[in-house]
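One chain, chain A, appears in both complexes that follow, with chain B as partner in the first and chain C in the second.
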Partner chain A sequence: MIGAVLIAFLGALLAPWVERNLKQANWVLALLPLGLTIYFASLLPAVLEGAPLRHSVDWVPTLGVRLSFYLDGLSLLFALLICGIGTFIVIYSGGYLKGHPDLGRFYLIILLFMASMLGLVLADHFVTLFVMWELTSLTSYLLIGFNHREFRSRRAALQALLVTAGGGLALLAGLILLSGMAGTPYLSELPALQQHPLYLSALVLVLLGAFTKSAQFPFHFWLPNAMEAPTPVSAYLHSATMVKAGVYLLARLQPSLGSSEVWSSVLMAFGLVTLLTGATLTFRHTDLKRLLAYSTVAALGALVFAIGLVPLTSYYGAVGFATFLLAHSLYKGGLFMAAGAVDHEAGTRDIHQLSGLFRVMPITGVAVGLAALSLAGLPPVLGFIGKEVLYMASLQAAPAWMVGLAVLGFAVGATLATLLVVPFFRGQPPEGVHEGSPSLWLGPLVLAGLGLLVGLFPGLYNPLADAVASAVKGKAVEYHLKLWPGFNLALLLSLLTVLLGLGLYFLYPRLWAWMATDPLPGPENAYNALLRGLMRLAVGLARLLQNGSLRAYLVWTFAGLVGLVGLALLPKGLAWPQGAAPLKPALGLLVGLMLLGALAALRLRSHLGMVVVVGIVGAGVALLFLLQNAPDLAITQFLVETLTAILIALVLLQIPRLGRVPPGRPLDKLVALAFGGLITLLMLHMLGQPIAPHLSRFFAEKSLPEGFGQNIVNVILVDFRGLDTFGEIAVVGLAGLGVYALLRRRKEEH
Partner chain B sequence: MNTLILQTTSRFLFTLLLLLSIFLLLRGHNEPGGGFIGALVAVGAYALYALAHGLSAARQLLPLPPLRLVGLGLLIALLSGLVGLLNQQPFMTGVWFKVLGLKLGTPVIFDIGVYLTVFGALLSAIFALEESAKEVR
Partner chain C sequence: MEVLLSFLVGGLFAVGVYLMLRPHLIQFLIGFLVVGNAANLLIFTAGRLGSQFPPLVPPGGELLEPIANPLPQALILTAIVIGFGLAAFGIVLFFRAQQELGTLNGEAMPEQFETAPLPSLVDEPQTPQERVPA
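The block that comes next holds the complex of A and B.
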């Protein structure tokens, strides 16, 4: 299993190279997810026998963090969906983005996403889960902003990142809390935690993470905006896989966090509100992708609602979740890809402008028709079975008014299905539009076809559905999935749903005219206000602190330092050095010279002169080091002094007609005095501290035998403390880059 | 600054300083010196040469643009830290081996990375400053 995830990551890194060197790169690259799909399918028998697979290796042994993976029915369903749909997405991307200059980068990121998502659903250790979780957020950010020259793409990408990564922080806290409460970092070993005193806090944190990721109300707004991404991304990340990560997490934690009143009521309430929000906002749009996005929001709401029902029902909740999850991934992935194909061929995604498409795009038409049946919840496709079981679950446990609202939400699905199918059959086909290449219709056709196949023969999915349901329920579930359940209340509700959906379809023109006019106030306004406030604060602070005057910068920096360090240090009291050695004459002479240099710097009024006399102080310090047997420090000090002089001279050359140094203002003098005084006090304080001798002894003893070097300073720098040095040179490199960029930018502005 | 004395001496000094810088880098493990100090000397050499002969002349003496050297240095430093992983040891564990009777180790390679990074970053700043100083004049 670890091998599979690693191969996925490595394969992603090779993708740009494959794209550059092969003509039909999409078909070749699709072999990676295809191979993984076959691998996971081969694990089916073992998992269905009820024995979850585990595999783990040390990752950060000193922190007890292991890269650990766990495969049960729930993970396996997700893994199959991720790799299976991923196969068609990769093929589809090649047709959809044909000739795009950044296609190689696209393959790289979308395959990286696939690998991270795979890691997420297989993760057992909570750190593994969190790292993968964040990786999916990051790759999603890059993919939404793929057309990075468009402002709207960048904005949507940032919004998605801020919302999901913000939730990710809450999730991290929640997971740490959970592992502390349970005494184990492994998700598969979590005991029931409902009675723990910290249960509520952990629950709220985990829910924040899951709800932001899975676009639950009030965080749903980022998902429709994410439709700025290229269509393969919308089909893959924002309908079939990534947005289900939150749902996955809730399902995974259901056995240990569920079975409490809070759990069920919160999940059912938020799920239902999200279902209705997605359904209602559907009526505001005519763009195919936006319509599908709101329907995804609604479906995610339904899934969360189903998880809330799991502890309240015998097994309907868990089975309904398992079935509806697969049905939605299949039909929504297919519909998105088909919408992209229509957009690609006909040049528009507006349902008002599309007509008669079936005659020119028959294969896409068949795929859309089948997927729409599933979306509407009509027999004989899987969507029907999924909805049916969900209705049975709600009838068993939810109050009547909730069932009514759920019917209303699903009815809008039927309306949307009608809206999607009508442009294929009504009106005249547009000129010059024809069926796209196989890569564009293969995915939709196969996914929609699978929905039909499993709908006709639900026995195919039954064993896996049982395994998924058992993982969610926390104990073995056996349920017989049937296409024809016989006459019961749920069937009646289904009939009602369809009729209601058709009714709403005929009301649609009026509803649209009424709803699409004004921008609605919503939680997105709060997000915007928050972001605007943050920007205003930043601008205000920058105006105050960085007003362009170098003097002001120095005053703020020094005053801030004096304030912070002084506040931290002074209340504790300062130490005074004990037993200073008598001053040697040579040293005394040197110190006298340095003092003279410092005093001269105060009197001089020429910039270059000041550089020279300050240099005297620096050179004096270097000599001081030399006299105290620290040649390394002395050399460094000398060199730094020299280069500083060169740098300052260069900067002085830049400032036109500099004139003489103006006399200091009283405030500046005060700050300068305080800063100098503070540094002096700090030095004395440091000398007064007892030096821990074991450290210098350790380095002196180990330097030669273990670091093979006699120069202890150097061995510390490159060996004992090599990691610190690595960080420091990275900073030096970045600083060099920063100077270069700043000067370049100024040049361009001129 | 096209004075004859500076132009003539800077040629000698440039070579000498570069030799000194490499000397400092290589002896750093046992005597005073090391990558950081060596890099500073090399930057001094190039700064001097640029003052005497102009920027483009100094640039021509570089194997790579300074910012590329930064990237290369960081890469070398990172790779030297990865060698230890092959022996199942933590990141940045020193590995020593003998090449032609000469004792070499990953810390020395790491020091070369430090050298290149510091050299590239400082030189890039100095070159950029000199370039824009020329435009102002």
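The block that comes next holds the complex of A and C.
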């Protein structure tokens, strides 16, 4: 299993090379997901027998992080969907993006996405899960922004990244909390946590992660905007796989976090609101991809609603989830690819401008027809069965008004299905439009065909559906999926749904004219306002702090130091040095002289005077070193002071006198005095502490026997801390090079 | 002794910082040198004063007490040399600034870079110039 994920990643890295060197690269590259599909299908018997597989290897052993994978029914269904649909997406990409200069990069990223998604649904350790989760966000960012020269693509990509990765941060916190509460980092070992005092906090964090990823209200807005991506991306990420990651996580955690009133009511409420939001906003659009995107939002809402129902129902909730999940992935992936094919051949995706397509694109037409049946929830396809079981679950546990709203949401699915099918059969076919290459119709046809096959023979899916439902429910579930359940209330609701959907279809022109006129306020406005505010804040801060004035920087730095260090020093109180050395009169005189010299610098205008001031302070320090038994320092200081004075004198002679200088500002004086005072206080405080002599002692004692030098300071510099000195030489050398470069450039100019 | 030096260092820092805040870069330079010296004195005082002998080992190998603390001395020696490198670079830099810009008044120097407006992350660009060239 680990090998499969690794092979997926490695195969992705090879994709650009394959694309460059082979003509039909898409068919060759599709062998990778196809092979993985076959591999996972071969694991079916073992998993269906109720024995989940677990593999793990050390990843970061020091932190106890293991690369650990777990395969049960739920993971297996997702793995099969990811690799199976991925196969057709890769084939489709080759036809859809034929001749695109960046096709190699496209294969690379979309296969990387597939590998990350595979890692996500197989992950057992929460760190593995999180890393894969963020990898899907990142690759999704690159794929939505694939046409990166377009502003709209970049904006949509950034929006998707900020929303999903922002939720990802909440998820990380939630996962850390969960593993702490449970005492295990493995998702497969999580116990029931509803009674834990931190339950609510962990739940909110996890829900934030899942809701942003799965585009639940109020985070739904990024998903329709992500339609700026090339169609293969929309078909793969934003219908069948990535947006289901949040749903997957909720389903995975249902046994340990579900069975609480909060869980069911929150999931049902948000799911239902999302379902209705997606359904309502459908009426604002005529673009095929946008229509499908809102229908995806609605379907994701329905799935979250179903997970909320799982603990409240015997088994309908879990089975409804398992069935509707597969049905939606199959029909939505197919419809997206078909929409892209229509766009590719007819040059438009506007349903008002398309007509009579069936005559010129019969294969795509058949695929769309079958998928639309599933979308509308009509027999004999899988969508019908999925919706029936969901209705039974709602009838068993949800209040009547919720059932009513759900019916309304699903009715819009039927309306949309009609809207999609009509352009194929009504009106005259456009000139010069014909069926696309096999790579364009193979995916839609197979996926829609599978929906029909499983709908006619639900027994094919029954064992896996039971395994998925058991994983979600947390205990063994057995249910007999049937195409014809007999006359019951759910069937009546289905009938009502279709009738309502048809009614809405006839109202559609009026609803559209009414709703599509103005931009609606929504959560996206909040997102925009947040980003604009963030940019304004950044600009304002930069203007305040990075305004190009040296003085301002220094004032901020020094005032900041006074504030922060002063704040830390304040509670410690004043200290007075203990056992200080007695005052020497010669030193006292020297100190007075240095202070006087420094103060004189404040008043001086002449350059020579300044050189003298620098000399007084520097020489004073040197004398002080000499009097305090530091001969090496005194010698160096004298040497350096002389050199500095000569340098300054040489330069200052070439510069005119200062002239009129504006008077000092009170703020500057205040900052300078405060900083000087702080230093004095700090020194007094420091001198009040005992000194740790062991290092100095070590150097003094080892200098002769181990460093073979009598001058301890010199031995420290060239021996004990030789590398430091080496760095110092490099710094001085670089400064010298800088001086040389500055002076030489002048010569060349003249 | 240490108390007196604490006040000296504080005073030198105050003068140095004030000079660094003045508009003229020559004053900045002088202030910078003063602050550098003051910092060295601070480290020196931190190693405590009151020694009788420099940090040298007599030929016999027996240390004379009380000996001066060698560790701060080694650190300051490095600091003096690096400070000189920085000062030399600064002096030449200011010299060149005077030649190129005709002034050493930091506030009077011409603005060399202009602040372009940041691109919006949410609003479509209005002018074609803001678009990324194809």
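The rule we apply is simple: the second predicted complex is superposed on the first by the 547 of 750 C-alpha atoms of A that agree within 3 Å, B and C clash if a C-alpha of one lies under 4 Å from a C-alpha of the other, contacts with A are read in each partner's own complex, and residues count from 1 in each chain.
Note that in this section a contact is a pair of C-beta atoms (placed from the backbone, for glycine too) under 8 Å apart; a residue touches a chain by one contact, two chains touch by 3 or more.
Quantities reported herein were computed from a predicted structural model and do not represent experimental measurements.
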> Touching A:L44 in the superposition: chain B (first), chain C (second), both, neither?
Replying inline: neither
>> Looking at A:A730, would you say it contacts chain B, chain C, both, or neither? Reply first, second, both or neither.
In response: first
> If you stack the two complexes on chain A, which partner ends up touching A:I646: first (chain B), second (chain C), both, or neither?
Replying inline: first
>> Touch test for A:R551: chain B only (first), chain C only (second), both, or neither?
In response: second
> After superposition on the shared chain, which partner residues are touched by A:P631: those of chain B (first), chain C (second), both, or neither?
Replying inline: both
>> Taking the superposition on A as described, I'd like to know which of chain B and chain C A:D719 touches: first, second, both or neither.
In response: first
> Touch check for A:L531: first (chain B), second (chain C), both, or neither?
Replying inline: second
>> One more residue to check, A:N711. First (chain B), second (chain C), both or neither?
In response: both
>> Let me test your reading of the model: by the given contact rule, A:V613 touches which partner, first (chain B), second (chain C), both or neither?
In response: second
> Comparing chain C with chain B, which touches more residues belonging to chain A?
Replying inline: C
> For chain A, what residues appear in both contact lists, the one with chain B and the one with chain C?
Replying inline: 631-632, 636, 640, 643, 647, 651, 654, 709-711, 713, 717, 725, 732, 735-736, 739, 743, 746
>> Per the contact definition, I'd like the list of chain A residues that touch chain C in the complex.
In response: 148-149, 151-152, 155, 158, 527-528, 531-532, 535, 538-539, 542-543, 548-551, 554-555, 558, 576-577, 580-584, 587-588, 591, 594-595, 598-599, 601-602, 607, 610, 613-614, 617-618, 621, 624-625, 628-633, 636-637, 640, 643-644, 647-648, 651-652, 654-655, 658, 661-662, 664, 668-669, 671-673, 675-681, 683-684, 686-687, 691, 693, 695-696, 699-701, 703-705, 709-713, 716-717, 721, 724-725, 728, 731-732, 734-736, 738-739, 742-743, 745-746
> Within the complex, which stretch of chain C touches chain A?
Replying inline: 1-24, 26-31, 33-34, 37-38, 40-42, 44-59, 61, 63, 67-71, 73-74, 76-78, 80-89, 91-96, 98-99, 104, 106-107, 111, 113, 115, 118, 120-125, 131-132, 134
> Considering the complex alone, what residue numbers of chain B touch chain A?
Replying inline: 24, 28-37, 40-41, 43-44, 47, 66-67, 70-71, 73-74, 77-78, 81, 91-92, 94, 96, 103, 105, 107-108, 110-111, 113-114, 117-118, 120-122, 124-126, 128-133, 135-137
> Which residues of chain A touch chain B in the complex?
Replying inline: 631-632, 635-636, 639-640, 642-643, 646-647, 650-651, 653-654, 656, 707-711, 713-715, 717-719, 722-723, 725-726, 729-730, 732-733, 735-737, 739-740, 743-744, 746-747, 750
